[in-house]
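Here the chain labels run A, B and C in written order, and each chain numbers its own residues starting at 1.
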Amino acid sequence: MLSQDALKQIDREIAKYPADQKQSAAMAALAIAQMEQGWLSTETIEAVAGYLGMAPVAVYEVASFYNMYDLAPVGKYKITVCTNLPCALSGGVHAADYLKQRLGIGFNETTADGRFTLKEGECMGACGDAPVMLVNNVRMCSFMQPEQIDRLLGECE
Amino acid sequence: MGALGFILNAEEGERGWRLAEYIKRGGYSALKKIVNEKIPADQIVGELKKSSLRGRGGAGFPTGLKWSFMPRQFPGAKYVVCNSDEGEPGTFKDRDILRWNPHMVIEGMIIAGYAMGCARGYNYIHGEIWEIYKRFEEALDEARAARLLGNNILGSDFSFELQAHHGYGAYICGEETALLESIEGKKGQPRFKPPFPASFGLYGKPTTINNTETFASVPYIINEGGDKFLELGKPNNGGTKLFSVSGHVNRPGNFEVPMGTPFKDLLAMAGGMRNGRKLKAVIPGGSSAPVLPADVIMECTLDYDSIAKAGSMLGSGAVIVMDETTCMVKALERLSYFYFEESCGQCTPCREGTGWLYRVVHRIEHGEGRPEDLDLLNSVTDNIMGRTICALGDAASMPVKSFIKHFGAEFEYHIQNRKCLVPEDVQRAGSGFFKAA
Amino acid sequence: MLEIEIDGKKTEVADGSTVMDAAHQLGIFVPHFCYHKKLSIAANCRMCLVQVEKAPKPLPACATPVTNGMKVFTHSEAAVKAQKGVMEFLLINHPLDCPICDQGGECQLQDLSVGYGQSASRYQEEKRVVVNKNLGPLISTDMTRCIHCTRCVRFTQEIAGWMELGQAFRGEHAEIMPFIEKTVDSELSGNVIDLCPVGALTSKPFRFAARTWELSRRKSVSPHDGLGANLIVQVKHDKVLRVLPLENEDVNECWLSDKDRFSYEALNSDERLTRPMLKQCGEWREVDWQTALEFIGTDLKRVVREHGAASVGALASPHATLEELYLLQKFVRSSGSENIDCRLRQTDFSLDGKKVVPWLGLPIAEIPALDRVLVVGSFLRKDHPLLAQRLRQAAKKATRVSLLHVADDDQLITLQGKSIVAPSALAAELAGIVKAVAEAKGAAVDAALAGVQPSAAAKAIAESLASGEKGAILLGNFAQQHAQAATLHALAQKLAELTGARFGYLGEAANSVGGYIAHAVPGAQGLNAARMLAEPRKAYFVLHAEPELDCANPQQALAALKGADLVVAMTPFKTRALDYAHVILPVAPFTETSGTFINTEGRVQSFNAVVKPLGETRPAWKVLRVLGNLLGLPGFEQDSAEAVRAEVLGGKPASVAERLNNQAVGIAINLESAAPALQRIADVPIHFADPLARRAPSLQQTRDAMPPAARMNAATLAKLGLAAGAQVKVSLGGTAILAVQLDDGVPDGCVRVAAGHELTAGLGPMHGEIQVEHA
């Protein structure tokens, strides 16, 4: 289910915590699994639970609690736009509108070609750089005016 | 650059965050001093108390006092935890501290471990700033390689291990006990207190949690002494502090200024109002702090006491600036949606109440408000505030209460006329997004 | 001690008490939903907010520790305002359709909303709708009604020992659910129905069967395992419609196992007999009681005349009542035979005649006070769900529990030591523990232990036991059924002696102890259950048992019964007795007669009938009395179950305690045990252990009721060249066709094949050499 490489990464996370607290690595393990598999299927969650000796529903609680886990498949590029107030004051909502129009999809939708998924995000702790977007949970893009958005989409083609 | 130098600017080099550069700036001298001179723990806590450093995470609790709560004689594990989960809308200072000065936080945490007899620490880093998390891990490796972390630090008999734990998108994990649950591999639902973390924290062990900036302030206090830190600011409000300015200003960003600096000066540092528009309102301490109208905030100085006197909170030092193009109903709707989405769902008033608040504000914003809605909102917030497990309930309520208090007329206009007081096109122009297009 | 005043009343409470504890002590009711005395404190519902002097905001009584001199107001204006505020929040998303809700009439939300609710809702938005979940055959869901108290989640985590329910998602989207598509499979699952304060989790079998106020509530006692859980049986029109726990802290606390709770379905089963049946000229006919009893009388006399009284035998279920067992043995003995037994699955009877009346060896309520426990030969969780639960809780505190057994099923108990061995090695392994303890203590051991080399696991267990002060060594069902049961007894007794621990048995059935007290065991001249079947009798009386499922050797039992001249089956059901009996008498199940069970700790628990007998069903004690009269036997004049009870107990239930005895002297320890290439391990799955459970349709749909398979570990599978899923023929005194299942908890060289089930009833002994080949 999970690759050797993923398991190795998970082992490194487990080592961060006291020996009897393996489940502390649950969040990291889910993140690693998601990065590898693209999203968290029932089987993946079960595999993580098995690896950490946790009840599957306990892992599911975690996977469904934190926003950045995807419990359904997403496009190759998941773009999360912050529309919270500080960002909105500097164009966060407008940037999202612009993206929706460029991609022809709304929030929580994926383009027909499976390339892009658009998500609405909450504060990313980067309000001074608004509009802010997060690509695939790892890459933060700041000051996303129309031309920067165009460039980002261009890179993702 | 402020006295503590939390933030470097890009010109100071992309490599400024590295260990060697930090040491060049005098980094780790506080740790060396403590370890080499075997400074007693009490003395460190004493310096902190003298410094009047107050927690930078929002509540402003005196740090020295907090550290003194840790049971000194406790047998077994104790933990130091850093709260870098910065998710409070408007706040983005911890990200920049970690980006430019990860070692400052590491040094502060090691000193905390020394002062409180903890052998392990965790830094909980906001999920969305993944690149910063990765950098922090690298900084930890540097520190370990330099024997600043790990067993027998700098050849002494003091050992301390520090790890980074990343969040994955839940504002509530900024609440300290939710954060602990999250480190324990669970969903981040706050715990009822008491017991407080100092007696029952991470894995049930005594734990002290401080904000990133709080830890980052510690080396300075050790190097320069508590008195000097206090003098940087004003009595009961020691030191400098980072303020994150966002919204309708020309140069949003982080600014390290002494406590007690007039708000006007901060606004000027941020380049003044965008396009010279008129200031309408400011949320001075992160989205959970009550909003203040322009005339009130313009008279304030930036410190816990002044802002509190004006009826708000210094909070995390996130200053959200709104000009005349802002529709206050829409602004509140956005905030209410945030708390509704971020409620952990555990306790009844917050789980049910935040949704109710959002739906009423939403219907006002969408022209379906009713005359009794403002009373209803006030009454629902009364039923939430002070009745929840953690402070998110209050955090969700305070914006509602203060927006209605200061901008009630705008809400009433909305209800009566079924539209914004500020015309749509004015609002649109305000964001500055379409200027390039 | 801390002083506290609540609503003007003063009391003292222990340090660490909460305001809720203090309120309970004062008899003051504080409204609450999430708080439950047996669960961890969540403080999430906020219904219990009270005003505390000097506190700036209302505090939850359930989670607020008492401080000395604290003053609390539970009904002040501030408190009531807070409580009403919470109630309003709870109701905004809760359907207000009590009349169609299955919880209506016993809903805590409904009850409290009367006092704390408002007449009209200020919430006019659409209410939240939550999709229902399929939690399996026992629990019905209506998740829109959930108020997120998380009692059910905490129950599965803390009491049942494995988190099968969780609260997924967050905020208003939070949902209580099992893991995707999973059902709740715990043997204690039904308790979440009681715990749910609203109608989100209700009983599936009971669903819409009645409104709660139409039901009358009657007390009874569970007829299943040795615990004797106390029951409230709910009845409408002389039909049992639901069973709930009757709280008894010393026995079942506030819990029931699913078997205790749902087996009542069997009472209403189509398989119930309603009239006596007589087989004449190969044809079954329903007859009246007179005809049936006269037939028995005449035929029994004939058998005794032709073959002697010793050709009569009686096999009784240990689930029968004390009164039934007593009159049965009296009847048999008065007829001149000593052949009576209720230990149907036992194979080693060498303790007979040594005055042993096996029992727990300590009160159930003292389990938490033990610091060391060794359980030997027990499918603990499934054989004794609630005793296992007690051990689970105890193990979280100071009790160190170890297990020596033949299968590594997850007991969901934190085990200190564990040794899993083949059945043939069980005695030697226990001997290893004894030896290791003896060596540590410098004590002498039996010569039979001379060659024993304690294994590492045995040493670890020994070390744990030796380090304790208040221990207990407990023999489980498997140990009792073992071919070396007496040796296991002697070793356990020795171990207890060496470690100063208590020594006892986890009683297999509701009346395992009662069987001894009622003398439903053979005397010196009589045959035990095994011999009665190995040396076939001419006449058999079978009470409540299904020998083809309940005996140690079903194959042999069936053969013996088929060969007999007269078989009288006394049962509530149309069992396989139709194949071999000559008369079948419909006798009352526990709900239709007065009776007594003596539980494994020796507690005498009597109960009354809760409904009228179905059709022409009669209580078995009455039937036996009439039979006695019919045959002109003396001493059958009892006119009530109470009179029978008085006769057995000599009018003083306390006398039972004097007879309980686990101490035997002069038992030969024999560690010799053939270790065949492949040996059978037979468990009796929880829902096949007695005739009631077998006939409860909902229990039969649970995961615990999956058909038996031939379970082996990977090494054994490989050795036999088998793969999981294959069909095999297993042979041991008979054959059965089973599917192969991989089970790494089975020791090497063993095949686990459950007993008590139709599919495996074709097999012989529960232990011994078994053959497995491709079917």
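In this section, contacts are C-beta pairs under 8 Å (C-beta built on N, C-alpha and C of every residue); 3 or more make two chains touch, one makes a residue touch a chain.
Source: prediction; values computed, not measured.
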| query | So which one's got more C-beta contacts, B-C or A-C? | reply | B-C
| What chain lies closest to the overall centre, CA atoms only? | C
| said: Based only on mean CA positions, could you tell me how far chain A sits from chain B in angstrom? | reply: 23
| remark: Averaging C-alpha coordinates per chain, one finds the centres of chain B and chain C separated by a number of Å equal to 55
| query | Using the average of all C-alpha atoms in each chain as its centre, how far is it in Å between chain A and chain C? | reply | 48
| field | Touching two or more other chains - residue numbers and ranges from chain B | value | 170, 187, 341-342, 344
| query | What are the residues of chain A that contact at least two other chains? | reply | 58, 61, 65
| said: Two-or-more-chain contact residues of chain C, please, as numbers and ranges. | reply: 167, 169-170
| field | Residues of chain A defined as touching chain B within the complex | value | 16-18, 21-28, 30-31, 52, 54, 58, 61-62, 65-69, 80, 83-95, 98, 121-131, 134, 137-140, 145-147
| message | List the residues on chain B that touch chain C in their complex, please. | response | 170, 172, 187, 192, 194, 340-349, 351-356, 359, 376, 379, 382-383, 386-389
| Within the complex, which stretch of chain C touches chain B? | 41-47, 49, 56-58, 60, 63, 65, 82, 85-86, 88-90, 92-93, 122-123, 125, 147-148, 167, 169-174
| said: Touching residues of chain C toward chain A in the complex: what are they? | reply: 157, 162-170, 177-182
| said: Going by the contact rule set out above, which residues of chain B touch chain A in the complex? | reply: 77, 86-92, 94-95, 120, 122, 126-131, 163, 165-171, 182-188, 203, 244-248, 252-254, 287, 318, 320-322, 326, 331, 334-335, 338, 341-342, 344, 428, 430-434, 436-437
